[in-house]
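Chain nomenclature is as follows: A, B, C, D, E and F, assigned in order of appearance, with residue numbering initiated at 1 for each chain independently.
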Amino acid sequence: MKTLHIVNKSPDQARFGRCLAALEASDQLLLTENAVIALADAGIVLPSENYALAADLEARGLAGRPTTTVIDYPGMVRLTADADRIICW
Amino acid sequence: MHSQTAFTLVITGAPYSTQAPQTALAFAKAALAQGYSIDRVFLYGDGVHLSSALAAPPSDETNWPKAWAEFLQGNDIPAVACIASALRRGILNNEEQARYQRNASNIIEPFELLGLGEWVESIASTSKTLYFHGDH
Amino acid sequence: MSVLVIIDQAPYGSWRGRESLDMALSLAAFDQPASLLFTGPGVNWLRAGQEPAGLSQKAVERNVSAAPIFGIEELLVDRQSLAKYQLEPSALIAGTSTVDYTPELLANYYHVVCL
Amino acid sequence: MHSQTAFTLVITGAPYSTQAPQTALAFAKAALAQGYSIDRVFLYGDGVHLSSALAAPPSDETNWPKAWAEFLQGNDIPAVACIASALRRGILNNEEQARYQRNASNIIEPFELLGLGEWVESIASTSKTLYFHGDH
Amino acid sequence: MKTLHIVNKSPDQARFGRCLAALEASDQLLLTENAVIALADAGIVLPSENYALAADLEARGLAGRPTTTVIDYPGMVRLTADADRIICW
Amino acid sequence: MSVLVIIDQAPYGSWRGRESLDMALSLAAFDQPASLLFTGPGVNWLRAGQEPAGLSQKAVERNVSAAPIFGIEELLVDRQSLAKYQLEPSALIAGTSTVDYTPELLANYYHVVCL
């Protein structure tokens, strides 16, 4: 079962850690809203396959981060449509 | 070709407090544009404030309840605010206004007040259910 | 397969836990299998001896205790969080099962809700 | 003998979402009982929902807007909901209802819609200002 | 200047840590609402002079903790009236 | 002495930062000295190059940049949080002062607000 985890919380929140602790190797992680600042957080180790919403990155001055796959809202729709299961943290 | 996938969107974050209604609307528009359908939008917890007809933001800010209402009506998408969440938080339709003897109702069309059974129905269906939460 | 509702917030300070419980109870009421998992500060929902009269709120302890009667399949509690909040199993309300919060645990549920 | 101390209470957490209105009311009642005065109650952010006249909780739960309104009126305490926070969140008085051409107003007496200047005045005064926030 | 710090957040929130980091030796700490569970949290070190609201302790099954001074709402009023400055976290 | 408004939340995900900024601006408008301190995820308010058009929100960057013009005395930013979010001083909007978040810093303000 391929699970897509969508997290919108800032990485200083305990919920963010609970999301990371729930990830299996084959799972996907999508960062939305305040969660995108995790890409700039020196204390957070993200799985190598992670996605981040373009609009949220741009808003926070984080466009062009090399450690994520940037997707737009249509890309988010495709990820969710392809997932066997979705957990929204 | 995508007709097999349909979404249910549950919004639990309030407008002007969280980004949830904005992210959910952008997602919903993109889903329809790609040929997917949206079975239902369900407001829960603080999310019920998205169904307020009285929100009056400054003219240079989006009126999120109005933007959502127009989107829902324009695309014939059923929209429900959880009645238990809504009554506590001061969102009433005409029927509840009468029952609770208040001076006004304030729910914006096309939102209806219904129970959690609507959400359960989505879970039990083939609809993919996504949650748009607040930032905490 | 069943739905898992996760409660990771302390009781009484917010309504989120109550609204999570309402979701689980609604599933059960409509014959949809549902389980509850308490983790993080959420394990404090299970502490015996809650007396919230001073807060003008209803005791959640009773609601949780009654959950199995209303058809909730499991009351799961995260072992590590119990240790963090120094909760001995004997200090918990009855009917809970201690588990480890892992991807394998979550994989048992086809839908997971975390308000 | 305590007449020198007066409090301003700022409530930023919403009822039925946070415990803030309950803690603040218990504090306020205890303060008056000990002879202290309360200069003003100021609702800000999500706290403005405490001024909704339409909240309709189950009969076995406290109606927090009503409980607060009775306390404020019974003790002649000025109460303000920040107008900017309130308008965005759908709390209107008659004047704003007319200005924004809505079908209803929903603020409960004695709350008034006024600006942050009311809060600044408390900060600049000898009043002790306490905040009752949400849980996040 | 004697500061009274009032915190109502659960100890797993970053705000709780920011409150503790702001305490001077002469300051007072009052735990309210969800913050009272800090008294049961094995990972939190509280200053020895701390107070907790009785109603919040009782609600959460934490009455009778020996590591705090239990006060009621009138006691909270007295603490605030006596403080030179109050910070609500 | 001045009032300190602390912003410890990331921008755009919630309205709390904006409402904190409004408080600081109101103080300044009524000639009450006010300063802003950004700490935790709040330091991300100061990152240059914010483009929130895709969120249908106004840029907070401009509001913060304009704060000194409207009478805000200081834009303080916590050194440790800058490091955590890998923000070099050169990547910040202009006009900020880096400080250490300590009790001694907070002692300079007669009133502290943290929404």
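The working rule: contacts are C-beta pairs under 8 Å (C-beta built on N, C-alpha and C of every residue); 3 or more make two chains touch, one makes a residue touch a chain.
This structure is a prediction, so every number in the text was calculated from the model and none was measured.
Each step here moves to a touching chain, and the least such steps from chain A to chain D number 2. Under the touch definition stated at the top, chain D and chain E share these contacting partners: C, F. Over half of the residue numbers at the chain B-chain D interface are used by both copies of the sequence.
Note: Cα superposition of chain C onto chain F, rotation of 180 degrees, nearest 5.
The chain with its CA mean position farthest from that of chain A is D. Seen from the Cα centre of chain C, the chain whose own Cα centre is farthest off is F. Averaged C-alpha coordinates give centres for chain B and chain D that are 27 Å from one another.
Chain A and chain B have Cα centroids separated by 24 Å. Of all residues in chain A, those that touch two or more other chains are 8, 10, 12-14, 33-34, 55, 88-89.
Contacts with at least two other chains are made by residues 9-10, 12-15, 40-41, 55, 57, 111, 114 of chain F. Shared interface positions of chain B, defined as residues touching 2 or more other chains, are 16-17, 19, 45, 61, 129, 131, 133, 135-136. Shown are all chain pairs that touch, namely A-B, A-C, A-E, A-F, B-C, B-D, B-F, C-D, C-E, D-E, D-F, E-F.
Here chain F touches chain D in the complex through residues 3, 15-16, 19, 22-23, 26-27, 29-30, 32, 111, 113-115, going by the rule given at the top. Chain A makes touch with chain B in their complex at residues 6, 8-10, 13, 32-34, 53, 55, 72-74, 76-78, 80-81, 83, 86, 88-89. Taken in their complex, chain B has these residues touching chain C: 12, 44-45, 84-85, 115-117, 119-121, 123-124, 129, 131, 133. Within the complex formed with chain F, the residues of chain E that make contact are 1, 3, 14-15, 18, 21-24, 27, 85, 87-89. For chain C in complex with chain A, the touching residues are 8, 39-41, 101-103, 106-107, 110-112, 114.
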